[in-house]
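Input: structures, listed below.
In the two complexes that follow, chain A is the common piece, with chain B as its partner first and chain C second.
Moving on to the complex of A and B:
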């Protein structure tokens, strides 16, 4: 069963085409990574799935339902969650207010979901009354993920988990993500510059270049491939 | 904050019986203070809570004023009905153009609303129904309440707009607006229908502003494009809001009252210094109180 299936997805900004004919799918319970150089259209693809950028061509299916015509808030309701690049938080609101905003579309089990998020990220519980703007980078990333979890997603998309964070912080976040994937059964689609990390925690991966998918496969196979190691991991 | 809001509410209610002891002069001064305070509260809904500076919000003051006047004169409606419909006309106009207009942010949005204000002033100066550049004369109110009626209408609009701000501060609706102010992409990816919420905020701003415009039109009994689309009123409203504290419930009250009372005193003593004082206040606010008297989070 596929959570997400993208067919011939093409879009861009203004007149400039950024991604063309992207074919990509995420199976139920899978972690899928997208990597590639700057400007290859990874973030644009996530935004297109979230509904922040309209498609020029192609289709998006979420489960059995076609979602590419739906506005962003309708997609959130159905279980598409994006932790956007640069962490886009409500910096003037408290940690808990941010999490409650994350539960905007799912108001039935707010208390349980809040406890769940605090369970995965105890640091957020300690800081629940602090302003989001006063958190460290790592805590802000936790909050961004926690906020996305509050919407009870079936697919969690994270744009640049490692952006601007210390390696140790990234490692612990990655571990928590794999735990969430295992325990909650939430499928994940990660855009990541840190290719070795992306390949370690994902089941499959797609390589984007200049707005197209140029390679894809099982992560444990890609990580062994010489061309990938040379081009994206700086290894010979 | 809680205490200040209560204080504002109590002061507002205490002002209802004041005309019994006030001179006609102070009744008029306070009526114009209430007018500015209501406009500032309206702007606070948009700039303060939603983060969109509608520098040309006076466009809706003009639309509300003209709509009220035309409905009274041409359609023969009683003032109360004409006023409400006038406010709704301003509000519907705002709601209709919001989805397009509010794709712009900050300076660009501010400038575009100002362009709207100027364009409407030109349009109204050239239409037959608005009396062109000659404007419209309204009947003088001769009811048993006398001029006090305008004092009380403005005070009631002030009370209503204060309550709207208080509601926004506390409610789920207000959280959506604040989320849009803080980070629109984050709001959208949280599942907030951002276009709808910011359009509603724009509509509320325009409704209050239109009501004030309509009351003003009946109060001064003569309107023309110059007086109904006066850029100075936009400036005053913004200075009052910045001075009092953007995005706070008590800020607009504090800002508008201090600014309008000071400006009235200066105006009566030194007519030519009036503009200078406004300028000096703007500079002092920027230098000393970037968050307003009530330091706001969004400041």
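Moving on to the complex of A and C:
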């Protein structure tokens, strides 16, 4: 069963085409990674799935439903969540208020979900009264993920998990994500510059270049491939 | 009699009203990014509506606040849908021009309907005042002050305690972030436009018992709510309240010590100072508008 299936997805900004004919799917329970050079359209693709950028061509199916015509807020209701590039937290609200806003579409289970998020991220519980804008980078990333979890997603997309964070913080976040994937059965689509990390935590991966998928496959096979190791991991 | 103390009390009483009057303008500006030059005329519309209800239905302006509120809410939503939603798709400058046109339209329509004469709403308790120590306090001003604070506090509770109110703040803080949690920004924009306009109409009821008014008083009121928003800053209610009290103090003290003609000049000078030294206003929210 596929959670997400993108077919021939093409879009851009203004007149400029950024991604073309992207074919990508995520199976139920899978962690899928996307990597590729800067500006190759990874963030644009995630925004297109979330509904922040309209498609020019192609289709998006979520489960059995076609979602590419739905506005962003309708997609959230169905279980699409994005922890976006730049995080887009409500910096002037407290940590807990941010989480509560995350529950906008799931108001009847706020309490359980809040406990769950605090369970995965105890630091957020300690900082629940602080302004989101006053958190450290790692804590903001936790909040971004926690906010997405509050909507009980079936597919959690995270754009640049590791960007600007210390390696130790990234490791612990990665561990928590695999736990969430296992325990909650949430499928994930991760955009990650840190290719070794991306391939370690994912089942499958796609390589983007200049707005197209140029390679894809099982992560444990990609990580052994010379071309990938040379181009994206700086290894011989 | 202690003049300083009397002026201080007058400033406080007026400041409460100014805060409430401006909070709708600041809300619309902060959330929708619309500098609505017709806002002052909305206040005057509310004043005429309350005059009309007073004359023909015998309804006290205080009791007709809910009517003004509801009418303003609907009016705000209608204008947003028919006019501003379209204008917002064009250049930001267009919104300004269109709101100016709306101001001209409203004031001239009022002029046709009611003539340019100064109107006042003469409530029975209008002239009463009492002595507190050595200070004379007008009952009407005190009543307007208390109601203004109560209504402003109600708005504060709404924005901070209800789902819809929080969504309004969320959209103001980060529109994409709001869409990503499932908020429909267009719907929030409509509610905010309705709420801001409801506040302007309601403050018209209070304005109408404080002083006489004509169809063309809206322009000056727009200048005042603009000054208040700049002085206090955008992004939260406390800012409009701070700005409201500050403008009242400036007006009352400068017109007493320097002359009536000076008060706007002094207020503008202070505004320039604030813009230079505290560009976010006295109490502008630290993170407001950073992630747009």
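As a convention for this text, the second predicted complex is superposed on the first by the 236 of 236 C-alpha atoms of A that agree within 3 Å, B and C clash if a C-alpha of one lies under 4 Å from a C-alpha of the other, contacts with A are read in each partner's own complex, and residues count from 1 in each chain.
The rule we apply is simple: a residue touches a chain if its C-beta (ideal position, glycine included) is under 8 Å from a C-beta of that chain, and two chains touch if they have at least 3 such contacts.
What you see is a predicted model; the values in this text were computed from it and never measured.
Because the two structures share chain A, they can be overlaid on it, and in that overlay chain B clashes with chain C. Contact with both chain B and chain C is seen for A:105 once the two complexes are overlaid on the shared chain.
Look at A:93: by the touch rule set out above, it reaches both chain B and chain C.
Shared-chain residue A:176: touches no atom of chain B or chain C. Contact with both chain B and chain C is seen for A:71 once the two complexes are overlaid on the shared chain. Within the superposed three-chain model, A:82 lies in touch with chain B and with chain C [touch as defined at top].
Within the superposed three-chain model, A:52 lies in touch with chain B and with chain C [touch as defined at top].
Comparing the two complexes, residues 50-52, 71-73, 76-77, 81-82, 84, 88-93, 97, 100-102, 104-105, 131, 147-148, 151 of chain A contact chain B in one case and chain C in the other. The touching residues of chain B, when paired with chain A in their complex, are 175-176, 178-179, 181-183, 185-194, 297-298. Against chain B, in their complex, chain A makes its touches with residues 50-52, 71-73, 76-77, 81-84, 88-93, 97, 100-102, 104-105, 131, 147-148, 151. On the side of chain A, the complex with chain C involves touching residues 50-52, 71-73, 76-77, 81-82, 84, 86, 88-93, 97, 100-105, 107, 131-133, 147-148, 150-151.
Interface residues of chain C facing chain A in the complex, by the touch rule stated above, are 163, 166-167, 169-170, 173-174, 176-184, 235-236, 285-288, 290-291.
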